[in-house]
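There are two complexes below, and they share chain A, which is joined by chain B in the first and by chain C in the second.
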Partner chain A sequence: MRFAIAAGLLIVTTAGPACAAEIEVTQHGNQFSAKELTVKVGDSVSFRNDDPHFHNIFSLSDAQSFDLGSYPKGESRKVTFAKEGEVDVECAIHPNMKMTIKVAK
Partner chain B sequence: MRCPRAAARLVAAAAWLLPHVPALAASAAHGSAIFHANCVRCHGEEARGCGPAARLYQPRPANLTASTRSPEYKASIIRGGGESMGRSPSMPPWGDALSSDDIADVVTFLSTLEKQPAAEC
Partner chain C sequence: MRALSLLVAALWSLPALAAADVKPLVASDYLRPAQAPAPAGNAATPARVELGRDLFFDPRLSGSGWISCATCHNPALGWSDGLATGMGHGMKHLPRATPTIVNAAFNTLQMWDGRKKSLEDQALGPITTEAEMAQTLPALVAKLDAIPGYRRMFAQAYPGEPVSGDTIAKAIASYERTILSTESPFDRWMRGDAMAVSDAAKRGFDVFRGPGNCETCHSGFNFTDNGFHNIGVKDPDGKPDLGRYQERKVALMKGAFKTPTLRDVALTGPYMHNGCYKTLEEVVDHYERGGVVKDNLSPNMKPIHLTAAERSDLVEFLKSLTGEPMQVSIPQLPQ
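Then we have the complex of A and B:
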């Protein structure tokens, strides 16, 4: 019995998310390509800079705070969302750039 | 007057400075507006390095009231970002978003701040 429980735990912990998706959001004309986005826990969002200048994507939300740093045109940086909630995403260099990502179970 | 030369120098300095005072005040006011729109998120309202985003960064954002760097250095790090000056890459490059005049005005504004200890955050 103990062996069966241990084996089960091993499968659960090593299997990871069954269908984690990666969604791309671009930055062009100092705007995000989506104002709102809904993803699932475990999904990733890749932020691609299509503008000829730097962007610096970050969030201070309780659900997930992050800072992707400053990066130039053509580069992407990715965030994986680990828990449900609402994540407000902004650009540190262009305060008018805002979007919301809803992370659902 | 005990020292007429010193008095003459003082008068000359005041004569030079007075016409510039309104321009400096306008520059600092514009710089303050730019600072509060763009910089407080990291550096904080009082520029002491403790804005709401400060917790995301290590090292923490600089206490700008205590900086001993030259105006040219400050303009360069604002324009090119921290990495361009061998400092924290968390400081973004603002050269595409702010004009040279904007950056100069921010530097003027920073020069008006009274030195304060770094904020605890």
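Then we have the complex of A and C:
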């Protein structure tokens, strides 16, 4: 069980594979709660929408691409990072919302 | 302290809104910054702005020699062209409307689909696009470099740098950063003048922020979230325009376009990315219907149900966002 601590991030749980962490990133005021985040392979990031409108989080990075679809306030969607690399994350609706997740071994 | 006094002044004349997700009104949030931000390496100077203005109004920038930036971004027509869709080289219609460039300096992405990252990045796009100004960059640089008046202006604006695509783009961008909305009746109201707008416009602002759901996307002083939404506009020729999806292959972006500013909106019709609506009343009707094409609608586009009076008030509010047009001097072009 591993606990990661990073400014502005809430650690929710460490469920899942051994040593994998789940880290929460919130969306508020059309911004992510962190601009950069470092996680380990196997960790998950849960993106929670705290804004009164929808967001649509995605990445088209070579390291890992995903499209979480659109979801409203109060909902979360989770991504598990399967391999090393740098993942640029954006909101499709609000492209000023950007963050980078570095996935380390 | 100033922000507080603006808040108090505005609340003094505004009815309270009850909807749960309507943010408290802070009047200063709606006032335009005095200046537009310039990027590192292209700080505004009088020489750069003057050069950019001359380039902006110069039809010699086009391949044909008769289309300038101002042909489509006409200051007499809200810095747009009054057409449903733009008209380019050979008098051929373009697929999308010409957006106003008022306050474009505050946009975080440029163009309807956001494919340009800055004014500098955008400036050469229309010039070198065959369908628009049909010029090539080498020919443009050679043409401008052969005009002594321009050579002097470039040397003054960008000492030590050649006449090039880079300096042409930077100069045009510098001028565009001066094309800003003027003080509108709405601004005077937000500054505390309760008589600056009609009661209908004040009620319309409540509709805008509340049941009209307009502020979800048209937010802040520039009345845009700088975001992309499919709002269900029908493309008249039956060939859907994929919009933002061409830049970001995310399903929700099919048919999504950049939220335009509402500043000077009374001057910038026709409206929507394809200019399908001539009046603000038609625009409000569009939202009342929840859009025309319902496929892949933005989830932020909620159904709205407004009374006829509310729709009328909303239009009055929108008109209050238009100030006196910025005064422009048309230059004598360098020879």
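Criterion: the second predicted complex is superposed on the first by the 88 of 105 C-alpha atoms of A that agree within 3 Å, B and C clash if a C-alpha of one lies under 4 Å from a C-alpha of the other, contacts with A are read in each partner's own complex, and residues count from 1 in each chain.
Keep this in mind: contacts are C-beta pairs under 8 Å (C-beta built on N, C-alpha and C of every residue); 3 or more make two chains touch, one makes a residue touch a chain.
The structure displayed is predicted, hence computed values, not measured ones.
Enquirer: Based on the shared chain A superposition, would you classify chain B and chain C as clashing or fitting together?
Expert: These partners clash in the superposed model.
Enquirer: Just checking: does A:I93 make contact with chain B only, chain C only, both, or neither of them? Give me first, second, both or neither.
Expert: both
Enquirer: Just to be sure I read the superposition right, which of the two partners does A:F58 touch: chain B = first, chain C = second, or both, or neither?
Expert: both
Enquirer: Let me test your reading of the model: by the given contact rule, A:E36 touches which partner, first (chain B), second (chain C), both or neither?
Expert: The answer is neither, since A:E36 touches no partner chain.
Enquirer: In the superposed arrangement, does A:S70 touch chain B (first), chain C (second), both or neither?
Expert: It touches chain B and chain C both.
Enquirer: Which partner does A:D50 reach: the first (chain B), the second (chain C), both, or neither?
Expert: neither
Enquirer: Using the superposition on chain A described above, determine whether A:E22 touches chain B (first), chain C (second), both, or neither.
Expert: A:E22: touches no partner chain.
Enquirer: Pick from 95-103, 131-139 or 167-175: which stretch of chain C gets in the way of chain B?
Expert: 95-103
Enquirer: Can you give me the overlap between the chain B contact set and the chain C contact set on chain A?
Expert: Overlap of chain B and chain C footprints on chain A: residues 52-54, 56, 58, 60, 67, 69-70, 92-95.
Enquirer: For chain A, which residues count as touching chain C in their complex?
Expert: Per the stated touch rule, the residues are 30, 52-54, 56, 58, 60, 67, 69-70, 72, 90, 92-96.
Enquirer: How about chain B: which of its residues touch chain A in the complex?
Expert: 37-38, 41-42, 52-53, 55-57, 81, 83, 89-90, 92-94, 96-97
Enquirer: Show which residues of chain A lie in contact with chain B when the two form their complex.
Expert: 52-54, 56, 58, 60, 65-67, 69-70, 92-95
Enquirer: Quick one: in the complex, what on chain C touches chain A?
Expert: 21, 108-109, 114, 216, 225-229, 244, 248-253, 256, 298-300
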